[in-house]
Amino acid sequence: MTLRFGILGAGRIGQVHAAAVAGLAGAAMVAVSDPLETAAKAIQDKYGCDIRSVDAIEAAKDIDAVIICTPTDTHADLIERFARAGKAIFCEKPVDLSLARVRDCLKVVDETKSFLMIGFQRRFEPDFNVLKQAIDAGRIGKVEMIALTSRDPGPPPYDYIKRCGGIFRDMTIHDFDVARWLLGEEVDTVQAAASVLVDPKIGELGDFDSVNLILRTASGRQCTINNSRRATYGYDQRIEVHGSEGSVSALNHAEARIEFAGPEGYTRPPNQHFFITRYADAYAAEIAAFVKAVQDGAPPPVSGLDGLRALALAEAAVLSVAENRTVLVSDILG
Amino acid sequence: MTLRFGILGAGRIGQVHAAAVAGLAGAAMVAVSDPLETAAKAIQDKYGCDIRSVDAIEAAKDIDAVIICTPTDTHADLIERFARAGKAIFCEKPVDLSLARVRDCLKVVDETKSFLMIGFQRRFEPDFNVLKQAIDAGRIGKVEMIALTSRDPGPPPYDYIKRCGGIFRDMTIHDFDVARWLLGEEVDTVQAAASVLVDPKIGELGDFDSVNLILRTASGRQCTINNSRRATYGYDQRIEVHGSEGSVSALNHAEARIEFAGPEGYTRPPNQHFFITRYADAYAAEIAAFVKAVQDGAPPPVSGLDGLRALALAEAAVLSVAENRTVLVSDILG
Amino acid sequence: MTLRFGILGAGRIGQVHAAAVAGLAGAAMVAVSDPLETAAKAIQDKYGCDIRSVDAIEAAKDIDAVIICTPTDTHADLIERFARAGKAIFCEKPVDLSLARVRDCLKVVDETKSFLMIGFQRRFEPDFNVLKQAIDAGRIGKVEMIALTSRDPGPPPYDYIKRCGGIFRDMTIHDFDVARWLLGEEVDTVQAAASVLVDPKIGELGDFDSVNLILRTASGRQCTINNSRRATYGYDQRIEVHGSEGSVSALNHAEARIEFAGPEGYTRPPNQHFFITRYADAYAAEIAAFVKAVQDGAPPPVSGLDGLRALALAEAAVLSVAENRTVLVSDILG
Amino acid sequence: MTLRFGILGAGRIGQVHAAAVAGLAGAAMVAVSDPLETAAKAIQDKYGCDIRSVDAIEAAKDIDAVIICTPTDTHADLIERFARAGKAIFCEKPVDLSLARVRDCLKVVDETKSFLMIGFQRRFEPDFNVLKQAIDAGRIGKVEMIALTSRDPGPPPYDYIKRCGGIFRDMTIHDFDVARWLLGEEVDTVQAAASVLVDPKIGELGDFDSVNLILRTASGRQCTINNSRRATYGYDQRIEVHGSEGSVSALNHAEARIEFAGPEGYTRPPNQHFFITRYADAYAAEIAAFVKAVQDGAPPPVSGLDGLRALALAEAAVLSVAENRTVLVSDILG
């Protein structure tokens, strides 16, 4: 049975998801909604779907599932609406910047027994999955320490910085999810250090651009996270998992697999610069996993609780910086 | 204006081209033809096109272009037929195993002023193109020596060996084309050495499985080619171009960008094993280039003459091995 | 003028320093001292020097400089004695495990205007020096974040664990020194997490075997340190320095520069396993730098204060773990 | 028993060998001889040995072995003289540029039952030895095809070009020896292509600067050799051995094990530029192997016959280029 989709939000990531749906056997692009007509029109032209209002999509009989990629402050409301409307829901991270609001929203999802999947696309990145499977197969023994490096080529616009909830909730959140996915245990404590090194204006807006964190589980496993809003060599996305019998790393993706040799030495191209290029395969696999889970009646591969827990780690990081201390995650989650 | 396609031959490579056509703006899959009904049916089911006879495609008003991926011994006849029918033609290499037959066929193409492109997909491989553009931009100075390494994961079936025209015409032919593309000058002489090291049965069938060649241009540029029908580490496809100011190499494609560390050292996965996976992007780009050239009224990016010249180099290699000498290509081409 | 050496302690590291002195123009091995006669004898046999008592070396007219590589708890006393005896002193790290004792000892060095150099050999490692010079030359812009990875192939004997002062004072101390050397600013705060993951017995002895740290300077530069007492792939020693205009990394040293390819993929050998092999060039360069500084009347390349400050960072790390907080280094140094 | 050495020739390579002898347990530098007094003096000053005439070294009772590193045209005469004088002989390649002269010389060595080792240092390079041992241990199955790449950073002086016997006898000779060492079978046929691409003056002097060769054994194993007198990225010295079960490669030696990342991508330093730096360990191991073989009464690790056979391959290469044919080595060796 084909899963029929409505997409809420026709921006950059909405276009990515529309392409994924259109290219997928067992899925159909039925409608798109966006206050900005030209954005919705672009998707309509490409995939031949309808443009409809959110209300119309909510009421539609020919739509089984929605992908929410509207601005963050609308996510929780839309999740609740579409949960009540009985649609399967895929929502971009985060559900909300407020833990309390997320909790309330997830309560509605629970009560309505809705299917809600959160968009942490890294769990679907092909290389990361080979790495995860190798760990699960025991190839490196017991997981001991993980090092995550995520650096953006450059900072986002100031407007985005202002409303994104801060670097921990906006950028590190992806690493929090990867850490939880790979550690095999919940995080117990969070230590964070934060600086403004890239652009003083980011500091003036109350945010940081360069952070390091240490996560620790109850049994003592540790994960470090390094984030920067600047990397002159492209989008830097690395994972290293150190175990009792060896280690496994996921490497960066170069723009091309070539190498120059000359007086300056041996040079390989920089990393792909754009997150949508870097994670193109991951985005497609993510939507495929959503469709498969809905069709199989399986639980969502990334749940609302996963979104909540990642957000709690971000809160802990904020506290750690503010109060110069190691923060217990249980104090946040209650 | 959309270019409307008929595909002749629904085998492995026909399916690849059908997917390329279907995924391309400005191109449409109209019909497929194959004596084997199940093969044609598979393409029909996937892309919703017609199944037609070769005759019907030849006569069709709603078909502008054909892709020939039938068995080799039918290529020259089909090219002539569709040239006379006024269709744009894309034909898999080789036009024919006989130089004389190729020449006759190309005469028909000339007389009918037809558009014929030969399927040397490596010219469209993205990494190879970055390499080529770097050379053309002068990044390594003047090209001096090229080393091409092409090794298959394993030998093809004996049946294929019997009718493929021998390793030089079947496998090295791709390297001959890459050599001509990168050397920037026509090849003047060919030296070849050939052995049976992988499977004695290949020798019994009159072929070789392990060869090395040296091509030399009039100005002295040289290109070596190394081919083996066996590589336990996957499909080995490398280019190294050494110039007066530096060198540039195209590297292999690993199955995943990960690395293990353990007592045995640091291990990265083997290369992708299958040529269709390895050259997936190249096949798509090749058809896109065909469509663009036809629509722009430009000459074919890879012409019948390119096919002829590559085949002449294969003939020269055969002679070099048989007669223990350095063979002048002009003696072959006349 | 040749600098004439006495070596105190003929163990593993004493032998390394003896070889360095013997191979150095402008330096001479005059005497060695060790309570264990066979150890001293081995050095005597190899370099033809005398075996003398510590008292005799202290009183010797034909000895200008001493290298102290006796057990840690004798370092401070020996430094004071030989400072008063007017010898130039090279002492293996640490001066002492107690900050107060180090302070007292350095006071004697100051009062006697003695030349004291501390053995942090990593500052003399050739690759690390190319990295440092590149940073100083502005190649990566302004230093922002550093990641140090130091993992031993396996834990030391329990006896060593008992008396080494704990992993921060014994192992991380080298990384503290490298961090100070590369950050270009003093460390302001220390955050540390520590676990027992390798061997529970290490925990029973009151120590940890797996730690991560974040150091932060006043201007916000950060340095992470990852230490493990186990790495199945050899001695793992990496530096990554991320700056405003790029990054520079020092890579591991493989046992051999070869690569295997096979069904399992591409494999390079593990790292050199032994720290004395890995840092062989560094140890020789360190003694050469000592000799040069003494002969030039220059200040020691690594001073007693450097030893003190690294030890203070270790104290801060211990406190951070014990009290779950971010520790101000100024609280330790007073 | 200590082997007492006289070195004939105090040039660049004489100094390398002197250092090797001086640093070796069981070997002693007794005397050096060179028509150029300052050269001999430099070695005397460094190692405290005598300066003596060739006649005096020939007659000396306190000298057991000589290292011949005088100009090539004196090698054969000196070998004969010192063979008759009963000294063990180490001689730099080649014995002579004329095959006939080499044969005569080796006859004297045979008749006098002298110990003669030829200086093909690559057989003693540590990485190449790990590679060789892996092959011998069956790690890559049966050897099928070898690719040797040897490129000099830049051409030697014209004077050297004039008297070196041509690129095949001077430069490729090392690769011929490595090929024989690794192929495990004698070479049956040689095919060569040669060009002047680096400097037209080299062509005017009757030599080439860019060559490729294919060697083939009777069983069909093949080895390609690529030589250039120019490589802007340092001294390029690579080996790739492809076997039935995998392949093994020896990689280049970078000036430092560091990596930069920036807008241009990821850059590692060029290769070590100087052959004496690149093969420093190999030269020392070579002399150690000479000493050990003499002291053990074992046959020389690289014999006069090895020198003769490598030279015969060079002759075959010259003929292949001159006569545009595949040359049988047995036609050269008779």
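A, B, C and D are the chain letters, set down in written order, and residue numbers restart from 1 in every chain.
Note that in this section contacts are C-beta pairs under 8 Å (C-beta built on N, C-alpha and C of every residue); 3 or more make two chains touch, one makes a residue touch a chain.
Worth saying up front: this structure is predicted, and the values here are computed from it rather than measured.
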Farthest chain relative to chain C (centres taken as mean CA coordinates): B
Pair of chains joined by more contacts [C-beta pairs], A-C or A-D: A-C
Inter-centroid spacing, chain D versus chain A (mean Cα positions, whole Å): 58
Distance from the mean Cα position of chain C to that of chain A, given in whole angstrom: 42
Touching two or more other chains - residues of chain A: 231-233, 245-247, 255, 261-263, 269
Chain A - residues contacting chain C, complex: 142, 144-145, 147, 149, 151, 189, 191, 193, 195-198, 210, 212-214, 216, 220-222, 224, 226, 228, 230-233, 242, 244-247, 320, 324-326
List of chain C residues in touch with chain D within their complex: 126-127, 130-131, 134, 139-140, 245-253, 255-263, 269
Touch list for chain C against partner chain B, complex: 231-233, 254-255, 261-270
